[in-house]
């Protein structure tokens, strides 16, 4: 088998579906691209990418849009629900069929409903990439996160990773946990009880040999971590918001919270952030989140290029 | 006169304005393009298309956008009212003047007000295509519909066409009726009394030698049709919605409703659909609506190419 | 120093920051471009423009979008707040950092908050152009306005300019006043007391040798003007709207209001207009506002080309 057979024509709907070798292949190719900027420019000329964002996301949409255009593709679709026939009740099924009819070579789907990307993949024979669906999966974000980790440490094995925030409903956290389970890492889930990681995620991790720890407060574990992955807590999701107000400070990452951190700690955040990650961290060596965000562009170029067999 | 003189520089604001020869020319050129994909790519390089969608439509917008870009044009304008100065009260007049000033070579206008496209055509000397305006006209959709019929039967003459749904306010139905009146067809309008086709449409058809029949229920006519054109009924438009609930089922197209249909029947729908056309029809030979939708892209490429004299 | 050193890499955040020579350079280059259309096409090929319109504006957005694309740049960003992560609370800071990470070579920022463009310019080393921020500045509009004046009269010195409407909160009026203060002009501010020009603008003008007059009614000054710059009055901004209704007619520009005007008078308006400028003026020689609007495209091409050193 040639080297691109792992990705050629395949869907990307869950981080669970990828093996260590596949993640490593994507990461290496992304690192190569970052060293020689532009070397994938135009490899997919003449192709059409349909970006169907039923839910808005400036960051993810823009990176897929720029990546598609740099690869030479034309872009169609929509960046959010307004201005589309969705308001008339157009279904995901018919929308996918329509853009397939218009000649789309690849689909990128973001949707609030769990499983939407997998459903889209069943409708069309063209490859479908999830750009986040429901509260479970955002597989390309997990690849971007791994890339940021490897960029900081040159490796993923051997690292102690803390994941903080809304682990129950945060789609990026479960996708990253699935991805990390392919490596030799220690994972600690840091969250209030009501927002702790879902049991089926922990179970899969254990089956893969990674037994996650659970903590209620960052301070109990901050000093031991190599990577701290921060996500937002949306108060509305806590059964007792008043109760949460009392403990909220335990989940805010600022210089005080990082007092005991290793100097080599790297803080990641999928962004956008609100107040769970203080801007005072931006200027420190801890801050890896803007590097992380910037990686979204080359990584998505690499991924689409491998899937559509664009060469290089 | 050279062969492109029929379309060069002209506006497309009503299906009434086109003759049989002109429809046939568009259809033949679209069939040619579908056989040799890409042969119009880049013929309008350097030109600018202004897509002014004061009313959103994913399907129509995307097909014009992709068509314009495949022809080599740059695209500007807006896909819906949000994010535009329309919210500040910018008029259609000033918007058209502005994009003319920015060098637009062709305008595609969608608007909720009847006559908006014709008004735009009076403002600018550049060609204006209606992408649907008011409840009367959607001329390029009618061309797309004819294309789907001819693709299924190899001809239009001699066919029995039923049109079902909201014929009074549905812009696609009246445009298709105007277009079909250039051919030797039998037309049956199937709708509740309150939503039957407007008298002036029937009158024009009669003047052109096509006397439409009217029916209240699909079941009375289903077995005789070659083509069934389905459109949505919006309950709010019925004077007595409670009364309508009782008869609603008579206008839903599903396998039961098609029990007596000819095996060769083709069902069309301009899409998006809600529940007036059951998904169980999708897998049958009756379903022509996704083929119909896909034709929107090549047909609109052909049309814009003829209007702007792009060659080929 | 080579000729482009005045603009290379610089931010455009206030009309106050530019000198007469710089305005003249932009105007001359724009006039040159208008004479030889297309001569800047593709000069910035391979570059990426991030258009961040936190506030919608069809006119300004479209001109920057088309200008960027004609220069050969790819375009990313958003045309308005809907469909972006802004609804999740993404800050201007993080949005700029993100697009910088995605390789943006130039930023165009429109925002409702005063100083947003200058703040963006502090975040990134890439050049930032204000496309209007707060109620104070819209510097490229001022350049477009000067261009329209020079196009009508062949000069700016020696002209009598009246500025009418909401001068207190109208961002285009203060930017134009700053720009005009570099020339030998007479300026009259025509507005109800509550909406007269802010003191600091008048002060800067005086320091630069242009002492503005103030009038309450157009009719007292209409006969003396060479240029009448009209802007909208938003009733909500008047402390006593009922009182304003009585005098509203004094600020509506129609043929009656222009009865005493010089035949050579030119009326400008940044558009969009509502009812402060009657359409009956459109057909007269007074109307310079569509010429003015059309100038937005070549002028913004020239400006971005100079800033990014695209040659020609």
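Per-chain residue numbering starts at 1, and chain names A, B and C are given in the order in which the chains are listed.
In the analysis below, a residue touches a chain if its C-beta (ideal position, glycine included) is under 8 Å from a C-beta of that chain, and two chains touch if they have at least 3 such contacts.
Not measured: the values here are computed from a predicted model.
K.L.:
Considering only chains that satisfy the touch condition with chain A, which of them also satisfy it with chain C?
P.N.:
For chain A paired with chain C, the chains in contact with each are B, in label order.
K.L.:
Using only the C-alpha atoms, find the rotation that maps chain B onto chain C and quote its angle between 0 and 180 degrees, to the nearest 5.
P.N.:
Best-fit rotation on C-alpha atoms: 120 degrees.
K.L.:
Centre to centre, by mean C-alpha position, how many angstrom separate chain A and chain B?
P.N.:
From the centre of chain A to the centre of chain B is 40 Å.
K.L.:
Which residues does chain B have that touch at least 2 chains other than itself?
P.N.:
Counting only residues that touch two or more other chains, chain B contributes 78, 82-83.
K.L.:
Which residues of chain B touch chain A in the complex?
P.N.:
38, 53, 56-59, 61-63, 65-66, 69-70, 78-83, 271-274, 279, 290-291, 293-294, 296-297
K.L.:
Going by the contact rule at the top, pick out the chain B residues touching chain C in the complex.
P.N.:
Checking each residue of chain B against chain C gives 46, 48, 74, 76-78, 82-91, 93-95, 97-103.
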